[in-house]
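Shared between the two complexes below is subunit A, which pairs with subunit B and subunit C, respectively.
And now, the complex of A and B:
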């Protein structure tokens, strides 16, 4: 009997102890101001492309339907290059999600010009400027098999950094026939601080098609044909991708929190990136 | 003569591609102003119009008449002695209505049936003779599975059960007032009988009228219809089809109403000179003689096969249609919105021929040609989407040159885009493909209902949202 009372007492204390900790927590989270989120770029020799969405609250539901609902198809997007101006046209493109993209049809990307993008929607306006630096070519591209794998590996590239100027780079890849478009490698941007004016080589790890999903891995595979888009970017864009990368890495760690803000070049009622790319392309068939 | 009629009916066929009607003036109305609503709001207006149409079709499917017509069709199919065949004008019109209501055929098929000069029965030598020989009362005898016929009178009266569970011949189809005229028939050289000028019909269950049908037409001396008016009223729904042709103006109007409210409405008017003489004057016959190897003959001297050459001559006609139909106006109303347009066909075609000539002579590049084409299209074609209630323009359509850069080369082609109030453009295909998700969803729901109810396999509309 004593043992029963003892056990009962322990159980009672445990139950009281655990249930007494529970309490409904009602948080009144403030809704963020409406912002225009720009994800746009202009490549050398190409027309501008701009994905436009609205921002969403930190604790809002994130799924394909909610992301789809954020797309701004009724905005007005204006591009100027200092001489000409055009209103970008909205087209459907299933290679992107949401599958709507504003595209240029007149102004072609070139070095030495400043491209200003303005997006207007719902009485709000956001704008950003970018330039296209001269392209830099890769000297070497090859596939390196991982030591413990018979089919997976990374792509190794080498190039010579132009001396006398500060350079910033960004590399995107597309597995031909597998990917719908170019995706950034795991390292989203880098500068030449450690190899200014020198020859430099490094391995490319494949980036995910979305940081909302953990599917896939960072390797390329035997049999893949990979198109490499080696880009030069200006400092403004570099600052954005560097801070964006830090944020992406931190938010994937449940015990870390980033208190920094992303260095977006977008001004006014907007967020995001508008960047120009000096580009050189390479195709590697991995055998 | 056949040529002349061909000028008109392709024109009607073009209209048929779209689907409904109005007699409103399609020229740019000076009171039309750009809508101040957002693009998304305008897009929603267009989408809602489509959803309204589906809702009407759903309601139409439930009316009593559909079952009566289906049952009449079954009876006619099972009888060897029917005054009406499924190919007859009246029955095919009613049958098409039933299948339209059931979603098997398009609304446009119904309108085409309404204005077609199809006969009362299949392959008659004379419709009038057929009519005179067959007026009488036809009473369905379910025991013998055939009609009991009493000839005489002035009408064709058919009494039959309204459904497969009806125990009496409670439905009566009365066809009356046939009149015809004997003129040459440009549509069918083998038919030398009269062409229909008037015909009435009604279908009743007891004293309740389900259907009234009125057809009237008149023809020029060469058998070309100068005017055709055909109205089909089925309970709360009315279908009107009108064609007029006075050799200078051809107009076609299709209208679909529910309780006197316009559901769909298409009117197209073409101006020009629709005569055989004008057709012939603007048609050139071209010939081209070519040589080909038709055989080989063994040559014993050379010990080789020598080819035998023959010639053949191709002959074809080329018609400058812009000299026959000079201009056209179109209005397509769907519930609350309308696509309005007018095109100066002659002006546009003349300019396009000039541009084509320059391009053929390499006087201009492909891109320059496309730029000129787009400019001329925009000059001679005026197309816009209008909200009927406010007469506001939701968007204007314009041609533009799409440029695609491939490996440093700029390829061009012409496409169309909608321009909204703020000047922002949307590719026309993007607009039509992306803004109608709810409409397509509703339509597919209707199709699935029909498939389930009638054990059919109609394919749903493939739509990528």
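And now, the complex of A and C:
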């Protein structure tokens, strides 16, 4: 709907709207405080994975050297599950960006536990907690060609929301052999308020690998082999992804709220997300 | 009355005895002034010399005693003055002053003609004139613009917009270009009580607010009061804006209209029932859809999702009538219906979106005169604002309907005697809110949205206003409004725990009170008038606002939702003090005023997650930050009221701030409409009977804005890290509009007018919003970020033709 309102606003401007890039805008932006940026998750039955970077000033240059400088390779990342504790190890992995990832090798994600992640770097410290809700299974997954197209289409899924409990969901997809990792669909998080305890179905709009290039094609194609990761998440993580979605999709929309804040669960000198996922996987070969 | 008392006392035996006693001197002292100030009455009416129609609200002012009054709705007046010589001025905007010297020896009756200024050659009166003479009036922060004045000033694409013109007066700020939402002395867009013929109108904008809903052929005048608002008005914390419509001409049928580039309008009015009554009908329609479809293709060539099947139009109808039932009773009717329709189609994937919105209102007003010095006015009205948003794609459908509907009865009795005036009455409104009725379907799945269907409330007030001269120089106008608000069932309240799980659902039956609020709202204005040319005034007002506008965006959109105060959402309380100096000089041709104000608003609201989020995630009154706002400033105003060149300069220096615990880490921050400087200059020049020209220049400080100061990476996307809320300023806004009017008079004395106007003549690219566009490919280690400034209106020339016969 926001997209619609945005289009509407463009129309009301009709022929007279003009867009111009000002280079002489005198924006004396203050330097932000240094923050540890956590981008981490723990799937059910898997080890934790954490990308750790620092924030940068708004107009700082981005090149390979500066991006590498953002990666906090010397940080100490500690994970506890209430009983055990481990220090995550940094590995290089070109499937992620930046291509360095801290990984666990002892604690495995499970339901009913609270996982606390602490990152320490340069005398600063940031921490966050998460839980893994029980996974929910999909009943049906199918592909439908769009009308007027002989190759592009949409994947539809159906499932039954467990009654009596509050559920939040995320869906990610990966085209096997084409995508490096799972990417979130355009709707980054869902709440069961609208279909609590009912059977429900919806379509998956394929999300881009990065919202820097959000004008990409949202369809899947005949011949694609698609892995679907259907996740349950807790409310804290839902609040983060919902506000993250608003931020990345509406950043250039004057009609969106001006109070842009991302509800991050990370406390201390930190930003970002640390989330647990209850997961079920499906693979659909589109023929 | 006083003379009678005197004679009676002389006939009294007791008095004769006292005359011989020691109290003689004292009694002489007591009664002589009464003898000296023997009061006589002038009554009569004021009419238009050309059309012989009566004129209401004419200012009548005695320069000798500084006393004044105005004509009532029938054009009658009554003023009591001491015996002797008086210089009385009858004035009304758009007419020549009538200065009359009267030697008053007995009660007299007068019929006073005023000559319209169009008849006088080469001169015009144009000004944002005060409701009355601003030095002697007991109103502060008030202005009136008449229809004639509105039409003389330049307009965007030939569409005169009374609300936009009001923004040229001090203390009234526009939201942004092309936005009908406006801010009065730091109050929000929902804090303006917009009364169309005494009936509340909720959304004054067409086309996302680019045009106002008011047909300029129908609006007789528009007035605003910003401080010391009389107690009969309430419910909105910042201002009252009154629009009066034409009800038709008693003598002949009038047809007025205009042909413009994007819209045309027509109105017809005249007498009915052997001139005992009048009527007027008006209509307006845009033909934007002729442009929109080709333009969408032009604008968004690259965006495949925007194609075809798109349409936009708006139209509105006005109806008005008046009927004189007897010499003492007058009935008037007023109605409005307007609609905006917008549809956006997306071919290929079978998508259809639409947004429709509009206001409807109707009111019946009964004026009854009591003994020549009293008036009883009763108004019954109905008003509704609703919008309907829908989107569908293949088997998916999403529909959102929202409305607010009020039934109101208001009755007010007014008594006037000399300078004294007292009025009292009541107002009662039944509100029905449908904040959001959502209908969503995915194939055969129906989504559960129905839980917030309707909210009901009763709002009411008892009010009393009094005006008394305390001495020859000091006057007071004081009032009290006792208001209440009752949120009542049927209503379903949803209780949930911190995990978001619904723990309970409470159903309140019809009529059951869920929340009740009541507040006394004092209003006071004090005036000290040194002489006919100088006065100072001070005022205080408190207003409780029980109905809030839930905005989801930084601009005013038709999809903003009206919601009532509830147990979780307290009424907004606005307090304001102001102090002003008023002066007129050079034979009253120049007016100057300076006003200082400070305003505090408690229980101000911000919707943290947007309205649709609220409607899905919980109760309507959750996810709302409650805080306070304050604003203060000085307003300067200078106008030239008559002559070949007329116009005004207004300047406002102000600050508007807000504080919410949940926003900006609890620190105070500038409101988004905080403007340090606001300047407007209007100029009208009449060259001769055929040609006149006008210009408007506007300069305002840039809007406050929140900008990112840093960024970080999450899942391959760059995310902005924001600085303090509204800590940056957009570049200043300024533009100059000009227009040239050519009056064409035919042999049969029919007039028509060609209006050439140029909006933003020096083509200033005023920033509408700024955003930062990041582009590149992080996997390839390249990223570029640049600020993009979007401007709306470049230079826009237009021509329109208006006629009257």
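Note that the second predicted complex is superposed on the first by the 242 of 287 C-alpha atoms of A that agree within 3 Å, B and C clash if a C-alpha of one lies under 4 Å from a C-alpha of the other, contacts with A are read in each partner's own complex, and residues count from 1 in each chain.
Note that a residue touches a chain if its C-beta (ideal position, glycine included) is under 8 Å from a C-beta of that chain, and two chains touch if they have at least 3 such contacts.
Here the structure is a predicted model, which is why all the values come from computation and not from measurement.
The larger set of touched subunit A residues comes from C, when the choice is between subunit B and subunit C. After overlaying the two complexes on the shared chain, residue contacts for A:80 are found with neither subunit B nor subunit C. In the superposed model, A:37 makes contact with subunit C only, not with subunit B. Legend: residue contacts after superposition of the two complexes on their common chain; A:280 is shown touching neither subunit B nor subunit C.
Subunit A makes touch with subunit B in their complex at residues 45-47, 73-77, 87, 89-92, 94, 100, 105-106, 108, 120. If you check the complex, the residues on subunit C that touch subunit A are 178, 207-208, 210, 288, 291-292, 295-296, 298-300, 303, 306, 310, 312, 342, 344, 348-350, 353, 355, 389, 391, 394, 396, 398, 400, 440, 442-443, 445, 447-449, 499-502, 552-555, 557, 559, 606-608, 610, 612-613, 616-617, 663, 672, 705-723, 725-726, 728, 731, 765, 768-779, 781-794, 796.
Contact residues of subunit A toward subunit C in the complex are 1, 4-5, 7-23, 25, 27, 29-32, 35, 37, 39, 51, 53-59, 62-64, 67, 70, 97-98, 146-149, 165-166, 168, 184, 191, 193-196, 198-203, 209-213, 215, 235, 242, 244, 246-248, 251-262, 271-273. In the complex of the two chains, the subunit B residues touching subunit A come out as 38-40, 43, 400-403, 405, 408, 417, 420, 422-427, 429-430, 433-434, 464.
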